[in-house]
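First chain written, first letter: the chains are A, B, C and D, and each begins at residue 1.
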């Protein structure tokens, strides 16, 4: 009889809780010449390890938050809910996959190899079978991941629980790197930025990763009305898992967190150029006159500019903010008669929140016709 | 060796994800003479039935949302995650209880008896052992709940999936009522209001319930920055489980959802009176003069007033909104010479969003000294 | 000595209060084939009549709010601040013009001919000298405006202070129309919509106007974080005053207020088409399967859709909202075997908040490949 | 005939633009024992000097923003709109007064004596006739203000336009002080904080002032949804102009700007104590157990706490934020067996955003019963 009750119920319940409309808020960080700018998060948990949500929640969140691809990376070695949840290490992927397909979200199979430091925690994504990574020897687990075609990166290298004093690079990481097993490193995790990881990424040729490592419902960790979740920007030739794999392998990533993007100049410069447009052009600047140069910023990011060098013949503000999704003004003031003869005004700033190296901001130049 | 890895990990992970600060946003619906106004939600789900979150999530959400008490009410008969989650019907309560105790949230043991209509879905709360409610006969399940000291209420009586045409009261509900097994009824569930349930609650002596029935993370279902989750207001003598039990038994509840409260006049009138304060008193109104009466509303609810009857000797606006947590003005205009001789101005409105019966709003009167 | 003090002060004060950065929030209602969609407000006041702000405030507000063009329209006949402010009727324009030029905002000279009903209040814009419109005879004032090249429209035709019972068209308006003096009519003013004006605009060939009529600082009247100010959309060949003049003359306008646009179908249909993009195409729908069609809406407006007719072979939701700046899903469900053979799915909705005539919404059709 | 037109118009226009509802958002900084905490702004401008709004706008803004009292302080010596606005120096007060009376806002007559440095700009408030302050000699102007019963304070002492290098105290200020003419100093103006002014206020016995100096509509200068306008907190025996005068004279003020209050310890300590309530009391802490102490903060201000000293026998977090209008948790962990024997837990923090002197925060202690 139980069965028949259940069948009746199934019919009734099937369409019950679908009423809620779903919306996806796109992330406005533009594509760059030659590549799509995919928005990804490769580190997150579910009830199948120490997270608090069912795997489908991660898919819905990611789709609604404007992501293109995610990896669920439940811990191999840490499963505090195992008294109640009996399943293998592939299960969270399998549960999430049908919904991801329906929504058009790219779901990458992943897991977290979870050890004390060294080597700490490592994510392996693009693997084929997480169960085979349950090994006593962490190096063997990494080799297995690699043989499955996995891409391995070091998680939260500066996490105080494992590196309380300083953020150190260990011999074990060199071993992984030399063996061709380590492809990336988180320069940002959850709410922490690791400047050392930026340096290592550039020196040692690792892809920069920026992930949420979310355990709770995403809204618990991030007040999404005010700030976005951390995003690994992936510069890929198309919107496919293989292209993401290829971009990671070739270090075509950047870290987008808070009000900043951290990455190589070759990616951040075209992002800036694709984001802004000089609206009012030309000006007609003479000595003692004041003109406004209107600049539109179509990205989600306020660009915080500081003047790199004073201009000759005219003056510009020391600080300018190009507000997201708005048009901002740069006020230029003629300070000598020669300005009237200039055909172009060249204006030099640094974008302090586009970080292209340790302590280094992206320099930019605006050129405005002066007629 | 696995064990030692795990022990090392436990030490490391223990304090990892507690960094996030937790805040509780109190709900400002005031206490009334003789009773505390407790904020409760007696209907919600976890991964242990068809919900999407771990039981502790429900506790944190409730605490942060300003609730005093909740019941987790996982379905007895519908457990779609049972392939992965093996456990009995008391398990979600047991997992949630330690955190509830730590946060000072009252957690009431409950479950949902889940049948086709009639009798539909029934919540049993204040039970002692949910496993014993797994019966073929729903009436037997209710009797068992009752014998355990449980309080039973009818969920979403107008749910279209079970009552597609009209919201009907069935013979089975009369049977429950006559047997003393039915104590309450949801007049509001999730995002649906059932006016018939208000009428039945008042006619048949049932407690009005107003619950979220949340399955997803709460923020997925409610944009809490804009609107609160549904709340059963319970008028209790103190902040204890037994007092809530007693209040339900004696129908001392009201339904707070959206921008409205629905309940008996004996509770809604003191809520209004405890929420507002006439700030500017007395006025000095004469014929042809205009005065403002400032009224402060300290509750979370905008009170939407409509004039009940024109006043003699002076005029007041037809529509007034007493904005939440703000001071609003009622403009009075003298319209005859006799107003100067009045010692008191009596002003009559109805509060359209305090609903005291089917189609019936709470009438209120402001009395202002006129010197 | 006063002079020298003043000179010293001028030097000091000149750059004092310019520190505040200014941003312009663009309005995302897209251009349509053949025309730019200019955002305009042709009705507002300053301290030079019964407004509360200096004329430059109107320019900064308009620029910041994303407008392309405005007319300040101070009353000729109603100047309650005249005890303190002595000046002629062109003065507010003259004060505002330099700042408008600096910011690149199109400022159109205008005034409000302010009479009792009939004919009520009339705005004359594109005039050359407002002082010459100060006439005892309102018809003469209109003739003068017309001779100056002015464009005249009827303001707030349903304003309760002048038309308390019904919104009537008077003989005087026919007289203006027959004389070629009346070119437009406000279908929306401040916070009031006049459906009669929509009908008259379409029947009598008047341009639809939608203006703020703002007197206070704009933020006092509109909570701009939640809702935009009223906007007359002008479909112009380029971003110039003359092109706006030409568009008004040829009735190429629409009224954008609240969550709606009201206008002729020939403008609203291309606005909708330019706003949305069907992202996920094609689907692969079969009987009993469910697919999601993702639609991106890049405009500022939520489009509220209601199904026009059921589809054959598949089912679509009765209500769909295409949320502003988001991607929304339309869920389609195969309901017969023949759907698998359809090469295209045609889906019919009405956009309830694109109003193309009295009681008439814009019908739209989505066509999706089915492979 | 003009007159009759005007009369007709007046009747029509009188009630036109009053439709907009007005709300007052109270500022939740609590009263302290012995005093009301009045919220005041004593520095602002209108079109009658170099401001951009009509005087009534300042009254409505102040009332809506929850202020108790304001002074409009138009410049004596700087009136850039004088080509259009002909009036004396008392006029802005006179225009604003009737509306202030109607709304119950205390309007204090004031003006700004506007000179180069030294002595810079000085506000004189509680004067009786601003016209008499139009003197060549600034010292004479101050004497006149004083003789009228005026209270004089130094505005924006560190304003870069007048003190580009360093914020200096000049001989002229000593002269004013010695003559008993200088009673206060702005420690905050518009968006600038002057730490030197805090020191001088405490050393020389001046009242600390904190004012908006607003010229534009208030919403242009402050995004009020996110941050409040600067407020001079005045600790007064009642809500009257004379009591404010008395409080200023006796230095009973504090500066509330951004996320901080700056003032003497004798005022800031009771503000903190009146704002918070330890909700969960007692705890039952033992070695190795963790308890949460819930603290409710009913003020508008997040209190940012840093631990002053480690406790003996138990551990508390280094950083705690007591969020505005919320309940926050302080987690205490028993670290030795002796904690079980303590009857009281004493917890020491500093409130970093309650500044009681240069570089000095308010120390606080929470005492919790341990049973």
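Rule of thumb we're sticking to: contacts are C-beta pairs under 8 Å (C-beta built on N, C-alpha and C of every residue); 3 or more make two chains touch, one makes a residue touch a chain.
None of these values were measured; they are calculated from a predicted model.
Counting steps between touching chains, the shortest path from subunit A to subunit D takes 2. The set of chains touching subunit A and also touching subunit C is empty.
Interface of subunit C with subunit D: the two copies contact each other largely through the same residue positions, with over half of all numbers used appearing on both sides. A straight line joining the Cα centres of subunit B and subunit D is 39 Å long. With centres taken as mean Cα positions, subunit C sits 42 Å from subunit B.
Multi-chain contact residues, meaning those touching two or more other chains, do not occur anywhere in subunit A. The full set of touching chain pairs reads A-B, A-C, B-D, C-D. Per the touch definition, subunit A reaches subunit B in the complex via residues 1-2, 5-6, 8-9, 12-13, 15-17, 19-20, 47-48, 50-54, 56-57, 60, 77-78, 81, 84-87, 91, 95, 114-116, 136, 159, 161-162, 191, 215-221, 225. Taken together, the subunit D residues at the contact with subunit B in this complex read 21-26, 102-104, 280, 290-292, 294, 296, 321, 323, 325-329.
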